[in-house]
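In this document, chain identifiers A, B, C and D correspond to the written order of the chains, with residue numbering beginning at 1 in each.
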Amino acid sequence: MAEAVIAAVIDEAEREGLDKVTEIMVRVGGLQQMENEVFEFALNELKGAYGGSILEDARIILEREDAVLRCRFCGNEWKFSGIRLCEDEYEAIHFCPEVSHAYIRCPSCKSPDFDLLTGRGVSIAWIKGVKGEEDGSESEHP
Amino acid sequence: MDPRVSILDRRLCEVRRIIAVTGGKGGVGKSLITAALGLNLSRLGFRVALLDLDLTSPSLHIILGADDIFPEEEKGIIPPEVAGVKLMSIIYFTARNPSPLRGPDISNATLELLANTIWGEVDFLMVDMPPGVGDVMMDIIRWMRGSEFLIVSNPSKLVLETVIKVIKLLTELDLPILGVIENMKRGERSSWEKLSGFGIPFLGELPYF
Amino acid sequence: MDPRVSILDRRLCEVRRIIAVTGGKGGVGKSLITAALGLNLSRLGFRVALLDLDLTSPSLHIILGADDIFPEEEKGIIPPEVAGVKLMSIIYFTARNPSPLRGPDISNATLELLANTIWGEVDFLMVDMPPGVGDVMMDIIRWMRGSEFLIVSNPSKLVLETVIKVIKLLTELDLPILGVIENMKRGERSSWEKLSGFGIPFLGELPYF
Amino acid sequence: MAEAVIAAVIDEAEREGLDKVTEIMVRVGGLQQMENEVFEFALNELKGAYGGSILEDARIILEREDAVLRCRFCGNEWKFSGIRLCEDEYEAIHFCPEVSHAYIRCPSCKSPDFDLLTGRGVSIAWIKGVKGEEDGSESEHP
């Protein structure tokens, strides 16, 4: 996933014609269950390996996003962090968040028909960078 | 922005050919033919990987007798080998629990597997597709560029109408169709006379055994 | 606010029983059994309607030989009759064109049909379900309250694993399961020994013909 | 569909505890291809038939919403009103907007993999009403 983030940032920087990326804001969903430090370390490693000069000065900021689930049957919303699963189940959801439909049921009506409202995966909230000579030009991506 | 799309081509760059096995209908033998072709290609010396994209009723792990295997995590997911072929299936993560997935879940899980699986050098990646003409078909078209489609048909009239829709759709989009395999042949009936007009190869037939 | 959900119960209030035919897998005979049961119930004097919810590969119109029929519009959609039963199918609107539908399209089209079809007085509404455990299964559960589920299985090991998932899911949710029909029986093999532990009735078997 | 709108307004008025509904804003998507006058007539008829005293003073306002489609393959967006279909095709889409996937392709890449972004169906934008003695209390629904 770290590799995908770096690849996506390079793609986006090229699309925007940035010469240097100065800041990258990465949002990490609760369902991914990743340690901030481990992921940040991986991102910084790869930044060096693949990023070349475009990314050398980029500061990486991680933001955690709580995972919220919403039942389509009864409308109930609940947080992933409030439920208890066993270790194998957490690991499976780490690999593929959709398999939460195999282990989680709506706490109020037992339905497996819920949406992963927020906190599903890793997304790039925005990147900042500079174009040519001019400094501090900014590009934001939702 | 979803970073997963940016890594897809790199993930598939060591894969020589992607063969997506389709037909639109369930029960025509897509999974059995995917597995049989994969095993045979492997026996011929090719490096083969199988991807089960029938996420709510996967079959390849059953056909290959893949028990007690689980992928390694090493900068991505390394698909385990069974019977000489690499197998990627959601079954590793769902176990045997019922796991209803709606369309967007199917797309998300598909993208997750494609973005994270480290195939390594592979001659043939065979994709077992679910029945229906929907999310997975559209996602393979947009996310697994270069896929070639293998159509499984059978002599039933119920199968023919959907097979024709699939052929029309792929033809409209100028996507490569390897040809049609007619499965479950019994007696004289065949769907081929109705399919031969589409200008695609007939690859052979398998009897109902 | 989507007004369609508010009319669903009124649309189904003259329908005595809803029988949803499922199994999770494709090609087990759901459509054939839906049609055969519908025709037989009609012959016994019951008022029967059939709803084909396998939207991307519908079958009931082929099994019933329903050509050249089209619904009337009269404060809703009036399903035409064929062979003594009312038939509602998306085929009236898609003709034979390939019409790939993603999950949200499937749900929207299902809701559209349910909100607009005027069934009239009907003893049995038989719903032919698509393979897969996804949008349609979830939508029947939330939008066709009171549905009873009929499970079609067959002796194949590939079918069993998914049938068990469907039974577990419906049982978890305390939804009524009418029982299991074992289709395509050949020789001694049967899926029933593996299913009998779930406490649901065995309704009979059909040979592979 | 008119019946569904009236049923939904009654449901919503009950949920909100309204004694009278004074205004109903109905948004009609372009894919429905309905004549404003015909639909308005039907709504007013049914309002009388089913609405009882709750709806007797309700003014119905129709607003048309352009149908916009967006291709998932290439990102192209286009308007339904700008394309030409034959009469049967229009009729089929009127009955069930999703069958547009049988007749419409992306004008830029031929893909059938598009979303109906706006203008798919009929929705209730908001209703206004009065509760008990107090006047003009308002309830809006997106």
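Everything that follows uses one rule, which is that a residue touches a chain if its C-beta (ideal position, glycine included) is under 8 Å from a C-beta of that chain, and two chains touch if they have at least 3 such contacts.
This structure is a prediction, so every number in the text was calculated from the model and none was measured.
S.K.: Looking at B-D and C-D, which pair shares more C-beta contacts?
M.R.: Answer to which pair has more contacts is C-D.
S.K.: Based only on mean CA positions, could you tell me how far subunit B sits from subunit D in angstrom?
M.R.: 40
S.K.: Indicate the whole-number Å distance between the mean C-alpha point of subunit B and the mean C-alpha point of subunit C.
M.R.: Here subunit B and subunit C have centroids separated by 26 Å.
S.K.: Using Cα averages as centroids, what's the distance between subunit A and subunit D in whole Å?
M.R.: 36
S.K.: Indicate the residues of subunit D shared as contacts by at least two other chains.
M.R.: 112-113
S.K.: Spell out, as numbers or ranges, the residues of subunit C touching 2 or more other chains.
M.R.: Expected reply: 97-102, 104-106, 138, 169, 172.
S.K.: Once you've mapped the touching chain pairs, tell me: line, ring, star, complete or other?
M.R.: Basically it's none of the tidy shapes, so other.
S.K.: Going by the touch definition at the top, which pairs of chains touch each other?
M.R.: A-B, A-C, B-C, B-D, C-D
S.K.: Subunit C touches which residues of subunit B in the complex?
M.R.: 24-28, 31, 54, 56-57, 59, 62-63, 96-107, 130-135, 137-138, 157-158, 161-162, 164-166, 168-169, 172
S.K.: Show me the residue ranges of subunit B that touch subunit D in the complex, using the header's touch definition.
M.R.: Going by the criterion above, the answer is residues 138, 141-142, 169, 172-173.
S.K.: Taking the touch rule as given, give the residues of subunit A at its contact with subunit C in the complex, in rising order.
M.R.: For this pair, the touching residues of subunit A are 72-73, 105, 110-113.
S.K.: Touching subunit C in the complex: which residues of subunit D?
M.R.: Within the complex, subunit D touches subunit C at residues 1-5, 7-12, 88, 92-93, 95-99, 101-103, 112-113, 115-116, 120-124, 141-142.
S.K.: For the complex, give me every residue of subunit B touching subunit A.
M.R.: 1-7, 10, 71, 73, 75-77, 90, 92-95, 97-102, 104-106, 108-109, 112-113, 115-116
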